[in-house]
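Structures follow.
Shared chain: chain A. Partners: chain B in the first complex, chain C in the second.
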Partner chain A sequence: MGRAVNVGTSATFLLHFETFGPSAADYREAFGLFDRVGDNKVAYNQVADIMRALGQNPTNKEVNRLLGMPSADDMTAKRVEFEGFLPMLQTIINSPNKAGYDDYVEGLRVFDKEGNGTVMGAELRIVLSTLGEKMSADEIDALMAGQEDENGCVNYETFVKHIMSV
Partner chain B sequence: MGCGVSKSNQFHKSSGKAIRSAILIQRWYRQYVARTEMRRRYTWHIFQSIEYSGEQAQIKLYNFLGYLMDNFTPASNERNLISHIFRENEVCRDAEWERYFCYKNIEVPEIYSGPHLTFPLTVEQAVGLVEAFRNKKQLHSRYVLQLLLETWKQLRMLPNINRISTCHSKEITICGDLHGQLDDLLLIFYKNDMPSLEKPYVFNGDFVDRGKDSIEILLILFSFLLVYPSEVHLNRGNHEDHIINLRYGFTKEVLTKYKMHGKRILKLLQKIFSWLPLATVIDQKVLVLHGGISDTTDLGVLARVDRHNYVSALRPPKKRHQSSASLSVDSDIDEDIWSPNKMFLRRKSLTFLKTVPRDSFQNRSLQDFSDRIQVNPADELCQRRPSVFNLGNAAPEKEMAASVSSESLSVIDEWKQILDLLWSDPMNQDGCVPNEVRGGGCYWGPDVTEDFLNRHNLQLLIRSHECKQEGYEFCHNRKVLTLFSASNYYDVGSNRGAYVKLGPDLVPYLFQYQASSMIRELTVRQSVGRTERSALKVLREQMFAHKTDLICAFKTFDSDNTGLVCLSDWASAVESVMHLDLPWRMLRYQLVPCKTNGGMIDYHEWFDELAIKGPNADHIDQSLLETLYRHRSTFETIFRIVDADNSGFITIEDFRQTWMLLSVYLKMEITDDTISDLVVTIDRNQDGSIDIDEFMEAFRLTDKKSRLERGRSMFMGTATDLTKLEGDPNI
Partner chain C sequence: MDCHNEECSRPQEEEDIMDIPLDDPEANRAAAKIQAGFRGHMTRKKMKPEDKAEGEERPEDRGQ
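Up next is the complex of A and B:
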């Protein structure tokens, strides 16, 4: 469970979840916001984002597995209704793979070659764009905006505090 | 950097860890993006819901006034208060109009530092006008009138549907709603050059209202129209309508900027708006119009209507008599015009279960009427007269067909054609239904688009009318393009603006922009945060304005009177009162930021933190204040209507009459004493007249916690006003 950092509106929204437990009604509201067509369904390629909007943190791979490993065409063309979405969300909620502040810091420490609490921004960019579930250049720019100092270094504890505060 | 191979060697030992770490960060980032997107969506939803419900309110008000017009004797005082807005042609012969709009005896003083215009207008002057406005100059009323007269003459020569072509390898630039935002127009001209022989433009309506430079935008567009009549094309929008302008700020802008001659300018603009073409067709393949279509839209009919008869799109035109020279100012003419309706009414009343019998209306005054009215006037209107609400239901009118002249029916048909064209919105489902959210026009589906385009041999429909985050949006299998050119429309950072260019290949090339240097410096998060805070502020205002109804609704869930309700009940109660279809559970913490009690919400606590500050309000009943606050936009509109000479003041007597009108409309009980109290409070200098602006300023929502007093609702202000209110973290 992430620490309840009390800034920003969406943080308090998630605090509500953590304190009182979410209900299907809450999920249904968020689901409705993403329905651009008006058929009470969302496209397969929106499912992961809705889960993230609701405070979960699945990988794309986990979601694809739940959707039954759909093809690229399926992702855009197929749609799922709320009743189909909810069990998938439950699975993600119940999965043990939750990351907190310490996990993020540990994760970044892997790239701290000198063990001085900083990582090279440039390296981070390469890693994020080549490993795992690759990010695009724009995504990386947005993520790193304002984080590198004049030497191109990122203090990763500060970085994690920053990213957890939004 | 080194090449990829050596990097992966470096990580070889801990590559599993590296990958896991990368995934962690990537997952986190994607979550952040998804949450931001959700906030952006509901913020948008808030602004849009409130905007459209304002339009709906305006139409309801107008229909209500029309209803009163139909049902009261010509001589009644109340009728006289409002009849002038239905009397569209006060002076009818051209010679008389020329006299009325004569600018020749308006002197331009020596100290005037704005541009001087000579006619016929030249390119240099048009360009000079743009520069002058960029430098915040104001055009003198003499030149305004002169320019408008020339524009009027020019527009009268144009057909309802302009047909243009992209021959000679010319690209045509099309712009959407500008809504008085001069910065956006200047930005478009900067990026795309001003109109010229090589640079044709189509401007797709809604040039005015909401923004603060509506008149300047009009003057620029009209100048270029005069200088390049074959290259500049203007389509009418639903805001090119004096009734709408009364509520949404254009009327006020003109009267403020042109204190002496504003009234004449507005009158001339009424005529000009009615003469604006309805649509433009490019290369016979692409149709450009402001709102949209319906399943009955027929370009053949639209090409033939007398468009200038529709001074306001909200009402069908006067019936033309044989000799137009015999038209008089007599208000009895209005009675004649409505005689087909009276036939509708007579038949309908036989089947009505309403409490107020039709016949007894004839001789009643408003006072008597208010005692008897039991129903919502707007609902009655739906049943009784061809209002913008019931045009979607052709059936009742068809029943009457036998007894009503075909001329009247075709007037209704024509009217519906124009209304649909100016007010409709696309929807994703097939079919065509009345647009009840806005109160006019339809929602039309992809099947209607398909059918319409085929019937008229067209390939694309370009329209505006709806704000889009990216400035544009395709729908209906890319056969409909919505184009919106007013960036930061809801607030700084809320959306981009866009314009489109079409070459001979008729492939749309879209260009986006955002008119504020501040924007580029904000990160996405900050930008969404700002807009979100504004939206929430507006929403809190709206909720507070419905305090009594909300508390009533909460109480139905709280039979033990504990003062607490659970979240689900809170959300249901709020939606049942506000009717905005918003994700209330999600918004709850932002709206009602107080401590919870084991998951229950104390519904009194929040209201206690806010108070409406009226003018020396202590002796005025709280619920009256609340009603005033909630409907202040409607009040202001009605005051401006009653203020027939657009002076900014109304007499005490008219003020009283207005209150009677309003109390009927709002089904409020209001005694003479209460009105007298109100009058005493407001007429500070005791001169027998009330300053409308001062009256409106007097009603404000104050936050006891915040040092900042909130001004009027954002939709009477502009984006700039909002920016000034930013910065207080308590808001």
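Up next is the complex of A and C:
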């Protein structure tokens, strides 16, 4: 039974990957899915997303560091081959202090004013757009879709479970 | 920034406006970690098959 991931679709790939866990071949396949040019490389600005597709959650800062602090032009113009990408991915996979359920929950609990397990969606949006690696309004909308109750509150434990389910 | 005057525009009596610790490296580090997790989730979610007719299976949409 071959891995039916041919040029397949990214969805097929991801389903397979989630079912069986990653292997070296999976890393190469994922990489190949992102190669839109056909030169067996991907653009610098795709590297973070490939890592995310492979189950990792790198910060943009980590990726930029691995890419050698590229300029904005570099990000679109420069490309990297799989053999260059793999060690970067390994670094991320092996990085300590990876956030887990508890980290996310505790991070969000900071904004739980009433200590009742919820945060105001509006507050969360502000934090996400002003702190850390700021998220755009579109990113935040996509993230929060369906997460706020009728009072605009988010149950953050449920939210984190949802985040971690994919 | 005194606000003795009730007409002051600073909404002290509204629900807590967060004091967003814009300069706090710890808070920013924590935020970045959370955002990294969120971005990871959203990329993976985008790659999943949609149940609707408009399957988001075209890799062109990703990685840009």
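In this text, the second predicted complex is superposed on the first by the 143 of 166 C-alpha atoms of A that agree within 3 Å, B and C clash if a C-alpha of one lies under 4 Å from a C-alpha of the other, contacts with A are read in each partner's own complex, and residues count from 1 in each chain.
Methods note: contacts are C-beta pairs under 8 Å (C-beta built on N, C-alpha and C of every residue); 3 or more make two chains touch, one makes a residue touch a chain.
The structure presented is a predicted model; accordingly, all values stated were derived computationally and were not measured.
Aligning the shared chain A places chain B and chain C in steric conflict. When both complexes are overlaid on chain A, the residue A:50 reaches chain B and chain C alike. Once the two complexes are overlaid on the shared chain, A:42 sits against chain C while remaining clear of chain B.
Of the two partner chains placed around the shared chain by superposition, neither chain B nor chain C is touched by A:24. In the superposed model, A:77 lies in contact with neither chain B nor chain C. In the superposed pair of complexes, A:137 makes contact with neither chain B nor chain C.
When the two complexes are superposed via chain A, 487-495 is the only one of 109-117, 343-351 or 487-495 in chain B with C-alpha atoms clashing against chain C. Common to the chain B and chain C contact sets on chain A are residues 9-10, 13, 33-34, 36, 48-50, 52-53, 55-60, 99, 103-104, 107-108, 110-111, 123, 126-128, 130-135, 139, 142-143, 163, 166. Listing the residues of chain A that touch chain C in their complex gives 9-11, 13-15, 33-34, 36, 42-43, 45-46, 48-50, 52-53, 55-61, 99, 103-104, 107-108, 110-111, 113, 120, 123, 126-128, 130-135, 139, 142-143, 163-164, 166.
Remark: chain A residues 8-10, 12-13, 16, 20, 23, 25-26, 29-30, 32-34, 36-39, 48-53, 55-60, 99, 103-104, 106-108, 110-111, 122-123, 126-128, 130-135, 139, 142-143, 145-146, 163, 166 touch chain B in the complex. In the complex of the two chains, the chain B residues touching chain A come out as 1, 4, 7, 14, 17-39, 41-42, 45, 427-429, 523-525, 529, 532, 536, 568, 571, 583-586, 588-590, 599. Put simply, chain C touches chain A in their complex at residues 15-16, 18, 20-22, 27-45, 47-49, 55-57, 59-60, 62-64.
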